[in-house]
């Protein structure tokens, strides 16, 4: 949506009348509901929804609209979130050696596919510096090997805070994040894992895939939690492979899966199309 | 939905407040909205929606609910349709020689994937009689070759009327339907075409595909209109092929596309997940 | 190949000149090499090949041709296998409750897609009896629960021996085979597992997939070894799913993956397009 | 293959003994056949093959090996082609406005996926100049609108000749090539068309696709002939779309198809994995 607007995401216990009340609230203030996605999870008696609203014609200010919603949200026992549009999410990208996911993010951002403002590229190796700097972005090389891990992540936190980063994208970042870091940025870290999770968790998934002789390889974009490669999945891509593909071929073919999965994952997140629900993610894809 | 319920499909000029009003009407009568799909077509200023409603707790009868909606629908300048659930759609399947699509329909109906009541199998060849009769269904062999076309389709109409058929599925039926037949059953005839339309319209699409050397073949499930293979598309499936696949291999590999596409197409139609909009079909897939 | 012919499968240490010598041997006896697939596995210095040969014009008998090859095979330090065409492989299908894979096998066999001779259907539940008997096949109900497992598998062995079964297909057979049974029929048992292996090994993979929130589900056709769900993979199929798909929807959507994967797996095996290489399978797919 | 070697492509009337003789010739000179792909087209009685040979251990020079093959090739009534490895094909990329295909080619070339030497970027608009020059490549802006078409293509020919270009890639180049240009560079021009050919030939295929309401969009990489969008197809990619995708969404989603299809198409061509056979292309994909 290029016009001014709002996105409302909502999660609450399932109950009759939610859509009527929320849509009624929007209509009452002359908001224009342009897209509505909802999911009634009958297994768990939970309700999830995303409302995309054009606001220029509203009879109240956006601030009043948002604050006025509180009583209804509370009555639903809901958690909810409003986002004002247009919006560019402040995003830091963390990398190690390979740059194909970083390149893809830069390229799609340039095309307008990803409404993000990239604040900085943070690497624990220097390999991606050139790509970052060619794109006019600052590159922070942070040593976080061995004993420097704690101080390194301290530095990273400082950068993220100074730059008011809202989203951290691990674009083939090959270090395990500290638990407290995962906890503090819960729901705001997106990773790309180069396998079709939950197959091949951990290191060298393409080598594992080759040894196991799978006929499809994949990549998984997911939210990061303290449990390795186990956070809510946003998007997965697969590609057919054959016996003659060596591990190096899987690396080559897998890059495509990784690039697509991370780009879609970021897009869904920054468009507020994802709602985390325990170990799963609701994704109202577009 | 296995409980008692209603599906409401609605098309109207786009305007603010539709969802609020319809959902409000449902809530007001204590209906429970379990699924809502909507599409605001900003290019054409049209609105499309499907509401799935549990009715057991309603404060009015279903009849009253439906008739009470009329004033609102008229105010929207809408066309709309209600379906009571549970429902089995009375369906005739028309065939010629090959039986793989027929088999798939019978098999999925048996599994409960397709809520249809198959009234009869109608063939212009006798090949599928055995499959039909093994399944306990009556098989009508109707001669509609050459000069017998008009009388043949007259007989078919009689069968369809006597059996109160609501949906006609052309499951690899290899005759072109008369224009008036297409018109009279508009929106109620589903065909499977064995190509990825609009490529390879007409006869022998696999042979055409082989000659053209395409790298993917496909099948298209679509509503039938008087223009050959040009009706609104409901579902398409593709399969990768290579140079060594002879036309007979394309036939073999294409069967899978055909079976899946027709089964999904029927499912979407009988679940009221499709809305025809000129030459296109809105499909709220599940 | 519908004409008379031979398939030669060959595995040996990689070395120059193998293709020249084998193709030379075929040409020398006026065999016609109609298809050749080879794979030089440079990582492991191994060579694998499949030769499909028309034999009607040969200057020697097929028996002489086969026995004459021995010296060359030995010189390569190869293992090899000849199959005379046309051939129908004697195949037993083992089932439990669900019949969709069995149905698919029967259906594709009828169409000529799978050159098998189904000797019998063996079930540890009675559910598939009707499908078997409608198809004119004998159905053996064998109790192999709890204490009856050993005697049950004894009975099965007797049936397999009497009927000279060459291939055992586990078409959603829900019992773990005894280790000695796996060993004795090594390379001759094909299973369909209803997940994208190695994800979701063991019971209830669709339930596991739902809990994990994956965005693609799959099915895996593989050779059976004594290690559960870990044998060489022949074929894998996937299907995209979303958050609103309940476990019962995954079961429904997964059936398609299962049907396709098992049908392709059987086809590749009976056409001698697979070569087992440790934990992996070379598959010269068609 | 990173070692020194040869690729032999061969087309001839089908006849017994071809593989034996060619493989025999290679073995006789101690060449090492590392990959062999063949296709016996029984419908047209034609034989196609690709031999990949390591040459360091050969008993003759590569020149002698190649010239010595002539008698055999003639005896087969074959057309054939040898390529010495390692090889980088001299490639010109022609563009108009959009740069996503160009970017992809540059990116994959940098990664070593495409063994090409990009000689220059030629545009009929100036939009891609920056991308070209950032990559250190010369950019030629050539006016070929209206009356300048003939002189423009004259200039292009001069550039191609001076730079000894072997492959011309049309990376979303939006002009129709003159017939004589197509003829003179026959088999050496690769185009990406942004539809699933033969559907939506010509201009604005995404708009056409939207109007037709297709459920999958695609892209086609093909050799260019004087008949518009009708040359032999090398690769095709598809992506699923829904009713809510506006033409601008199809453009966005289609970019992925285009990027993958053109990258694969170039890779197959420069690895000599394609053989043109009339209106079709044999593709021994890897």
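Worth pointing out:
To keep things simple, chains are lettered A, B, C and D as they appear, and every chain counts its residues starting from 1.
Rule of thumb we're sticking to: a residue touches a chain if its C-beta (ideal position, glycine included) is under 8 Å from a C-beta of that chain, and two chains touch if they have at least 3 such contacts.
Computed from a predicted model, the values in this text were never measured in an experiment.
Shared contact partners of subunit C and subunit D, listed by label: A, B. Relative to subunit B, the most remote chain by averaged C-alpha coordinates is D.
Annotation: B-D is the more contact-rich of the chain pairs B-D and B-C, by number of C-beta pairs in contact.
Taking CA atoms, the transformation carrying subunit A onto subunit D includes a rotation by 180°, reported to the nearest 5. Put simply, the C-alpha centre of subunit B and that of subunit C have 37 angstrom between them.
Between the Cα centres of subunit B and subunit D there is a gap of 41 Å.
Shown for subunit D are the residues that touch two or more other chains, namely 42, 244. The part of subunit B that touches subunit A in the complex is made up of residues 16-17, 19-21, 23-24, 26-28, 30-36, 38, 40, 42, 57, 240.
Every residue of subunit B that touches subunit D in the complex is listed here, in rising order: 39, 41-43, 196-200, 211-216, 218, 232-236, 238, 242-244, 246, 279-283, 285.
Only residues 100, 103, 107, 111, 113, 134, 244, 249, 252, 255-256, 260, 286 of subunit A touch subunit D when the two sit together in their complex.
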